[in-house]
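Below, chain A partners chain B and then partners chain C, in two separate complexes.
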Partner chain A sequence: MDMHRPAEIILTILFFGLIAGSYLAAQTPPPPVFEQPLLVTSAGQSSGDAQIALQLAKRAALAATLSKTGTGKDLENQKTLVLVLGASMKGLGSAGLDTNKEKERIRELVAEAKKKNIPILAMHLGGGQRRGELTDEIINEFLPAAKMAIILKSGNQDGLFTKICKAKDIPLIEVDKSLDAVEPLKKIFKR
Partner chain B sequence: MKRAAAIGFVVWAAVLAVSCRPPKARLPGTPQDRHAPFNYIGAKGMVVAAHPLAAEAGLDMLKSGGNAVDAAVATAFALNAAEPFASGIGGGGFMVVYLAATKKVTVINFREKAPAAAAPAMFRDKGEKQAEWRQERGTAVGVPGMLAGWDYALVKYGTKSLAEAAARAIEIAETGFPVSPTFSQINKDEYEKLLKNAGEGTCYLNGGIPYEPGDVFKNPELAATLRRIVREGIDIFYKGDIAPKIVAAVRAKDGIMSLQDLAAYRPVEVEPLQGTYKGYTIYAPPPPATGGLHLLQLLNIAESWPLKDWGQNSPAYIHHLSEAMRFIFADKEHYDGDPDFVAMPLARLLAKEYATEIRDKIRADKAAGTYGYGKFDPVQDKKENTTHVGVIDKDGNIVALTQSINDFFGTGIVPEGTGFLLNDHMADFSTDPDSPNAPRPNRRPVSNMGPLIMVKDGRPFLTLGSPGGTRIFPSLGQILINIVDFGMSLDEAIEAPRFFSYSADGRVRDLSVEPRIPEPTLAALRTLGHKIALKEPYDKYFGGAQGIMILRDKKILLGGADSRRDGVGAGY
Partner chain C sequence: MREADAIHPGPALTAARSLSDYFPSLKGTPGDTPVYVYAGATEGGNVLIIGGTHPNEPAGFVTSVMLIENIRAVRGKIVIVPQANASGFTHSDPQEGSPQRFPIATAAGQRWFRLGSRVTNPIHQWPDPTIYVNPTGQTLAGIEARNLNRAYPGKAGGNLTEKVAFGIMELIKKERIDLGIDLHESAPEYPVINAIVFHENSADLAATAQMELQAEGFEFRLEASPPNLRGLSHREWGDVAGIRAILMETPNASHGRLKGKPSVELIIDGKDKFYEKAARLGRLFVPFGPDGIPLKNRVARHLAGLKAVLSGLKELDPGKAVEVEDLPPADRVRVEGIGAFLR
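This part shows the complex of A and B:
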């Protein structure tokens, strides 16, 4: 490179600076919008994923409760509803639910949250392996109700989350690994 | 000078990075699309297993002069390190061995046993909590038979030492490897159990959270345990220092195992079960492994149906086979038990005449709806566990080995400092105290496993097996029919869409299908009275079969490994 052309150097720095800045802006969580305590529930009975969400919330020092088959009544005294999106046939079987019953439960929960003015944080922590026909139905139906979403990047390879979030103006935070969600969680909840 | 130092540092860093990298299997390429049918090729020997590092361990054993039994045990050990959620020294299994020199087939049964304190009503009495007591508490743990079985096989039919067979497993456990998406998903599915029983600090979690694909999984405690076992012999597990750790871990979770239970454990060698299908002879373990028994029933029933005319996975084909499965499950509930204690009418169940009786009850125009014998508690339909290994060596010896710790990650209980998971095979007992499969002292619970060797005109043609709990015999049946009746290649037969149905309590249950079966077919099945339950397109619910086919005219071995799990083949 010809080091005697300062204008070009400045332009190059500006160019890469702009790219880095946009990347950071996309990854920087918005200011705190959620309040504690929060109720964590699964949407699709991938109960391991819901348990992970609870652990992440605890590591972010949030007051969280897990109810895998929570209903509207469980929203009493809660200020945020965390919907962990992901279908598991095994989980549905263990919970004694079928697909329709599970969707009905979530619909009722979301409606109650709306009625109580409780914002919804959607999470998808299963990655690419937790995508499939039923999970996608759940994402398509319930993600639009969220105020924000935190997901594993590997679960968004086809851009489904990006597409829905863009269309509904939902801030989307993508993380590489589950544990990377702790920091954004700390920032989006009021203390 | 500075430049030279910088170059030196870069070279040193590169060398360090390469030398510290976790091992990757050195196997020849696998298909880019993991679901595309792909037959592994070998000329002298072949190993198929559910993890590349395990298949490689078996292949290296064959290349270093070991026979099929040596390679099977090396692969089995390696699976404990590389696929620890499905099998390991805290579990048990069944091995079918074909000895080329004598053309003899034999079976080694190293299934877990109930502790001496087991009682018929021990689970029923737990009421609504019985699932937890059968699967996640100390009462779920059967006395492990795995090490005793591997050791028996090596001593009687192998040529290598326990230390040689375990060497690669120790290396894998110590160095670690990047986990696959399959490992990660199963780890997430079983997270609650692992948190509860193994704790946040367990190596089976990554800093207290499930592993993501690509994270490196290491198990130095397992490596140390295996080192001690090979140095001091398996007695250290059954009678020595490890035994009290097992008992303490089981009892800390309200279990009933004693040191005497462990000390008394012995594997047994038995004659295989035998049956025929369209000119082929099939050898499989007898009960308490019931996969072979019910597979033979299914094939007997299907033998005189016009399967080719109906077409593979046509409405008629799926309807008739599903109905056959439901009748067989009624028998399963009624008769299955440990033959050391319970008389099972094996001759009648395996008779072609009995198959005709069942066939006559199956109507072409609708599902029967009720299936006879539902006398005992319903068959459970939930497990996706276990693992299968197949090996053929240069002399033509064959091993079909299915082994398990039952549910993925077993009970999630790890004896302190040992790194291995304890099984939950007591869950395979019935909760009904009157069932022939009720838990009783020293009995082996009924197993769904069915490793098999298939022979044509007196010469081995195929070895096959699968995990998948109750889906094992229906999946093996579909694969064999795909090969024999529909002329598919081995892996094409394995990857083809599967279905499963059963009866429980004499009543019809859902027909589970992979949605690759087209909607018009499913619509036709609905009109016949089947309630369809859609699974994933390649769902490990239906197992993860591995097989080896011998094509004598071409002088090659074909290995088939199921993409529903991480199966691979390794031939040379």
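This part shows the complex of A and C:
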């Protein structure tokens, strides 16, 4: 009989248990930190992505309102600001905004949220297709203001979100598909 | 190009009509076009599916034909116009050297489909104005006077293209359509591609469909219809007719500006070395590798998109649900090809 085998088995179980535990810890959202109701707006006028965020919030049974061009005034009675990061030239043109005006709008919104102590949840739901120079400018400027971020993995292939979130100590939840964001949303909002 | 494409409706066809049945002024003109109706036994919503708005975008036309030859409505009603701009199918774009038709092999033999032009045949509508003022009052380049997707909501006494647009608006009214879906293709260098374009009244539907499609492995961009871009189906169907409006785009190298030699192979196999190079240089809005983007995959995208939109409609507005059976499954079309689902 091989006397080493039980020890090897225990070590193997411990090893894989540790890996599985770390993986689950990385995927398990932190306890609820956000409150309802929430205001959803796109940072960059990717209105389709903002609409997806709204539908996800509805599936998570959250009280959410979408505002295409929301300002600080729209934060009245809101308890969370959801910034859906992503630039769309078509969306900007459609909203009658240029890049600078859109950034000014988001700066004012973020400043007002800070003043009112309203936490920001950042989302990026366009994946790799919704990355690019302008979107990256928006991510770099506004992601650091977030208390937490939920993103599609396919939009983080270069690790930009990981890098910013690590530097700013922002919990980052990565999902494979938009629908996978429903469960984390349920968990991070207080009922 | 004078010979009409053969379409063989499946046994579940409820009624075969013409656009002139809804707008008699089109009777006997090159703008008249077939309309196929599939009604279920159970009450539900009414959905309009349009192909061939731009006859040089074959995936929309071929998808519509596959629906006509396969589906059975169980609940609600589906109305299909496979060649919305029938005149556009009677010519090709000058100086493009595009093939006039392309073959698809089926169990019953080879079928041919026409590849037309983006716009109405100038023999049927001439001359183009210097500046076109469309029915909404928007000014456009003169050639757009023959573009069906700039002519909505149409004009009863307008030019032929505007009359066709008006006929489609009459169909929407008389068939009490709840949701209109316009099937298109776009060039790989155009940003609105692999996309669902939605009227703001359909934002929830588009987002719901997009999430379902993503879960099934199809990435679709969502693009809102700009309120100030007038005359398009996804704008005027929503604004004027008050119905939900969706337009879908797949990537078609054969009508892009960067393509090499226009050929039947380019339409069907979708391979092009110049597009490959453009993709490597980061100039495209879709991945484009040596395998190209074949017609069967583009048709499969439209079929997956239609299924997801119908499923979204059922979820968001159960009273207007439309249920169909025998919709060719996208995964099987990608593997078995288009011909496996044609009569």
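Following the convention adopted for this analysis, the second predicted complex is superposed on the first by the 187 of 191 C-alpha atoms of A that agree within 3 Å, B and C clash if a C-alpha of one lies under 4 Å from a C-alpha of the other, contacts with A are read in each partner's own complex, and residues count from 1 in each chain.
Definition applied: contacts are C-beta pairs under 8 Å (C-beta built on N, C-alpha and C of every residue); 3 or more make two chains touch, one makes a residue touch a chain.
None of the values given here were measured: they were computed from a predicted structure.
Trainee: Looking at the superposed three-chain arrangement on chain A, would you call chain B and chain C a clash or a fit?
Mentor: Result for chain B and chain C: clash.
Trainee: State whether A:T162 touches chain B only (first), chain C only (second), both chains, or neither.
Mentor: Neither partner.
Trainee: Of the two partners chain B and chain C, indicate the one touching more residues belonging to chain A.
Mentor: Chain A has more residues touched by B than by the other partner.
Trainee: Per the contact definition in the header, classify A:E133: touching chain B only (first), chain C only (second), both, or neither.
Mentor: A:E133 sits against chain B, while chain C stays out of touch.
Trainee: Touch test for A:Q36: chain B only (first), chain C only (second), both, or neither?
Mentor: neither
Trainee: Contacts for A:G48 in the overlay, against chain B (first) and chain C (second): which applies, first, second, both or neither?
Mentor: both
Trainee: Check the residue A:T69 against both partner chains and state whether it touches chain B (first), chain C (second), both, or neither.
Mentor: After superposing on A, A:T69 lies clear of both chain B and chain C.
Trainee: Examine A:M89 and indicate which partner it touches, taking first as chain B and second as chain C; both and neither are also allowed.
Mentor: both
Trainee: After fitting the two complexes on their shared chain A, where does chain B collide with chain C, if the options are 7-15, 295-303, 367-375 or 439-447?
Mentor: Answer for the clashing stretch of chain B: 439-447.
Trainee: Can you list the residues of chain A that meet both chain B and chain C?
Mentor: Residues 46-49, 51-52, 55-56, 88-91, 93-94, 126-127, 129-130, 177-179 of chain A touch both chain B and chain C.
Trainee: Using the touch definition from the top, list the residues of chain C that touch chain A in their complex.
Mentor: 191-192, 194, 196, 198, 203-204, 206-208, 210-212, 214-215, 219, 221-224, 226-229, 285
Trainee: Can you list the residues on chain A that touch chain B in the complex?
Mentor: Touch residues, chain A against chain B: 46-49, 51-52, 55-56, 88-91, 93-94, 125-130, 132-134, 152, 154, 176-179.
Trainee: What does chain B use to touch chain A in their complex?
Mentor: Spelled out, the residues of chain B in touch with chain A are 181-182, 184-185, 187-192, 195, 207-210, 212-213, 215, 381-382, 384, 515, 533-537, 539, 541.
Trainee: Note which residues of chain A are touching chain C in the complex, please.
Mentor: Answer in residue numbers: 46-49, 51-52, 54-56, 88-91, 93-94, 126-127, 129-130, 177-179.
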